[in-house]
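Letters A, B, C and D mark the chains as written, and numbering starts fresh at 1 in each.
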Amino acid sequence: MSLFRLIPDRPDVVQDQNRPDEKGTFREWLYITIFQATTTAGKIFDIGLFILILSNINLLMLESVESLAIQHARLFKTLDTVFLVLFSVEYLLRLYCVRSAKRYAASFYGIIDLLAILPSYMEFFYPQWHVFMIVRSFRLLRIFRIFRMVKFLDESRILMFALIRGFRKIVVFLFFVVLLAIFLGSMMYVVEFPHNPGFRSIPQSIYWAIVTITTVGYGDVAPITAVGKVIASFIMILGYSIIAVPTGIMSASVIQEEKRNRGKRCPHCDAAGHTPGAVYCSHCGEKLKPD
Amino acid sequence: MSLFRLIPDRPDVVQDQNRPDEKGTFREWLYITIFQATTTAGKIFDIGLFILILSNINLLMLESVESLAIQHARLFKTLDTVFLVLFSVEYLLRLYCVRSAKRYAASFYGIIDLLAILPSYMEFFYPQWHVFMIVRSFRLLRIFRIFRMVKFLDESRILMFALIRGFRKIVVFLFFVVLLAIFLGSMMYVVEFPHNPGFRSIPQSIYWAIVTITTVGYGDVAPITAVGKVIASFIMILGYSIIAVPTGIMSASVIQEEKRNRGKRCPHCDAAGHTPGAVYCSHCGEKLKPD
Amino acid sequence: MSLFRLIPDRPDVVQDQNRPDEKGTFREWLYITIFQATTTAGKIFDIGLFILILSNINLLMLESVESLAIQHARLFKTLDTVFLVLFSVEYLLRLYCVRSAKRYAASFYGIIDLLAILPSYMEFFYPQWHVFMIVRSFRLLRIFRIFRMVKFLDESRILMFALIRGFRKIVVFLFFVVLLAIFLGSMMYVVEFPHNPGFRSIPQSIYWAIVTITTVGYGDVAPITAVGKVIASFIMILGYSIIAVPTGIMSASVIQEEKRNRGKRCPHCDAAGHTPGAVYCSHCGEKLKPD
Amino acid sequence: MSLFRLIPDRPDVVQDQNRPDEKGTFREWLYITIFQATTTAGKIFDIGLFILILSNINLLMLESVESLAIQHARLFKTLDTVFLVLFSVEYLLRLYCVRSAKRYAASFYGIIDLLAILPSYMEFFYPQWHVFMIVRSFRLLRIFRIFRMVKFLDESRILMFALIRGFRKIVVFLFFVVLLAIFLGSMMYVVEFPHNPGFRSIPQSIYWAIVTITTVGYGDVAPITAVGKVIASFIMILGYSIIAVPTGIMSASVIQEEKRNRGKRCPHCDAAGHTPGAVYCSHCGEKLKPD
């Protein structure tokens, strides 16, 4: 259940524990603005941050298109610096306004916020590392911030629990699929090796087997011999059938998770399953919304 | 729930509100013929319209085949004009026979009917726009009209509600898939970029990641390096597993929707779930069909 | 419900109605041997027929491999004649031993048995039709005969009813998929047409859209332009999501069909759902097997 | 139900029947160390074996990469010998410490352990058989040994029973899919044969049909003619729909298997379904764990 720690299922409650003690100060106002979305300033901040993050990701993508990178080299450099400054200021403000800077820095979002700016600084001091500019794609992780703003929270919670519930069964299943791919790949290696350069080694044949079992089917490697085609047909039909297994697992998971989530939900501690007439939450004792 | 407005779930009832007040006039007869399928004339009109729409779509397709377009240029032009006249007359008749022309013009089907003829007129006045003749494919939307005629209504209603019920969860899921594609695409860019022209930029690599995760697998871009193939294998197996998630969501949706739809259905307001012995609809009070 | 007629769900009962009246004659013995598998002779006949049908199908396949067809032309011709004679004799025997030859000839299996020999005779009288020898593949249908022999009957019945139950919903769904393919194909035609010979007409683009939505992804046609790739990515993710719909429908169907099939089954009329302690069938009144 | 014999569902219990009678001897200590994971020595042995098996499989793969095989020929030969000696010693120890060597040699794991070393000995005595070195991939089967160590046992049991429960239905379904592929492949042969070298024979066309129905779609064979493309589109949409069938079957299987597995599980005979308050196992009478 270590997964539960990483992904705070009640982010607002958890983060409020890091709210500064002093009431009415600028620091507290900053905390509410940056970490919450209850005030107008907070909402503006959130939307602005959302736009910044998306722009930054788009910039990162465009920069990788060589023709654009050469043509607008200076523009990209300037924009990179602007984003670096903005995200750095944001990070420092976050460190400043929380009660315990250390606690924030070590939290899930704190680490992501740091990872978003660190690579650019490293590139600044060691320009020869420019080639590793790709690590800046860690910024993509900032997109998790956006989740706080969307109304999809209920849906993603059901999905997440369904995934956790079905996780171990799917791992066992994938383990079998990989074993199968190794076995079938080796078999095809024996059959196709003398005739087909695409099956020149077992790892390569296993790659082909995975491409086939998962029904991706690039076609960069394909059987040539008659025996190979018969085995390939068998593998395809097998892959076609066993895709049903994880699906069946997930269906069962989602159906059970939905059953568990039916009923009234507590606005405070978010526990579900209260019967229609319930007045108090059975978990935290707080009052539920009237029917 | 804005989706419910766009797609009228009880089209006959909704449209009857636009029936002209005068009884027994030609205008009312026209309304019944065009908008309903209860009389013989109405059924003939519906079937004729159905054939016209399908013919028009086929014409549109054949026109795009260059060899045919050149060979039968005049024939195509003539047929285009014929269909334009027919659909225009139909649109005017519809505008004439409803109680409020404005109301029909602003309705779901009203807009579709207009979109089906508008582009041809614009091409007529601005011949240089011929290249945009493709906007005429809006006519395809007219196919929605056909739904009124089929007996599949019950099935499509269950499907639609199941979709609406599972919609938000699937959107959350797709959001994760896109994020995953961006992340994995960037990773493959770093690995394959120096060796493979197919991964020449991050957007291109993301395109490849989507082709792979969704198990489409064109093969126009495929990993070359050993590390790339290992990562690709991992991505495929991942894609293979997560396809189970939307399926599980939909299974749960359909099962619940079917449960909700069991029981007698009201012939008037279409509410379901009445117990076998029920005599009156629990929603509109009208009499149900005897068991 | 016309489907129920074509596929006899209780083949033994139905065919027994065609059993000749005379008891103990050669004709009755022949009927039991050919149409049933209760006697030793009947079982030998069934297994022999099974081997003959499979051999014939294999022959048909090998004949289509040109190198073999030229090399062993005479052998193939001889074998063809042998199979034709055997199947003809079998057909005549079947016609002879049933009570009403007409009734058998018009039945599901009667038509299949005729289709298996007719093409060869037509080729015999019109040799120039040899090119249409493929119609002989109708013989494949004879494989349905084999179903009587397998013990999988219960499973195929549940599958069939689940298919029938989900059939209309899946048809509605496929209708939407085809509409979607037409619409998205037309869109891609506009975008890719000037740059990509693979999208040279709307029908060709629709073909591509179907290849993509169904996640087959041959790669013989693939988008080239940046806009095309973005749209293609969108189509893939869409196809990836909507594959969940028929799956959800089928899951719900199979689950319900299995629920309906639980409980004791009548050995006579094959009705299911009897409670454990039941003694007589609730449908035909015959005695059930003791628990 | 012969499947149950091959895969022991309670491996520890079954194997303990082969435990030597003498208590406290070296032979018994060896048995506990090798066959069980309850003592520290046993755990160390298991982890060591796990690492050995994985290393051996990796060695096998690397050996098949020609460039590596030539460069490090001597290293590979030495490592092969080392692994052969280690696995041989392990096999002999297993034979020695069990009560009945014959019983172990004939058991599921006994056969696998033998298959893992036999091919190397045969290659040793008949060097010209080196080309068949691939049979050494039987060693992969040793990976089954690892299952004893993982905690995923519960999950794999549910999966296995769900597979067994859905097995016959899926076989019936696959039989239909193969029939369909033969039929559609023959059809495409007639249509594409004169224009497309990819459809040069019926078996080749059936191969294409399977590639298409299973949505693998290599693209090494693709229709060229207009009619062929229309039929191919139909086949794709069909394959897209029928993939729902095995999935529906598996979903139903998993859901039912999970229902059956709810409740307390007996630590002794592993029977599930005991109600929360149960004190004794309803199958073997042993005491259950307190709630």
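Keep in mind that, in the parts below, a contact is a pair of C-beta atoms (placed from the backbone, for glycine too) under 8 Å apart; a residue touches a chain by one contact, two chains touch by 3 or more.
This is a predicted model, so every value here is computed, not measured.
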Intersection of contact partners for chain C and chain D: A, B
Residue-number overlap at the chain B/chain C interface, same or different (half cut): different
Pair joined by the larger number of C-beta contacts - B-D, A-B: A-B
Rounded Å distance, chain B centre to chain D centre (Cα mean): 44
Whole-Å gap separating chain A and chain B, where each centre is the average of the chain's CA atoms: 31
Residues of chain A engaged with two or more neighbouring chains: 173, 203, 206, 215-219, 243, 247-249, 251-252, 255
Complex contacts: residues of chain C adjacent to chain A: 215-219, 247-248, 251
Partner chain A, residues of chain B touching it in the complex: 168-169, 171-173, 175, 179, 182-183, 186-187, 189-190, 200-203, 206, 212, 215-219, 222, 226, 229, 232-233, 236-237, 239-241, 243-245, 247-249, 251-252, 255-256
Chain B to chain C touching residues, read off their complex: 57, 60-62, 64-66, 134, 137, 140, 143, 152, 155-156, 158-159, 162-163, 166, 170, 173-174, 177-178, 181, 203-204, 206-207, 210-211, 213-220, 243, 246-247, 249-255, 258
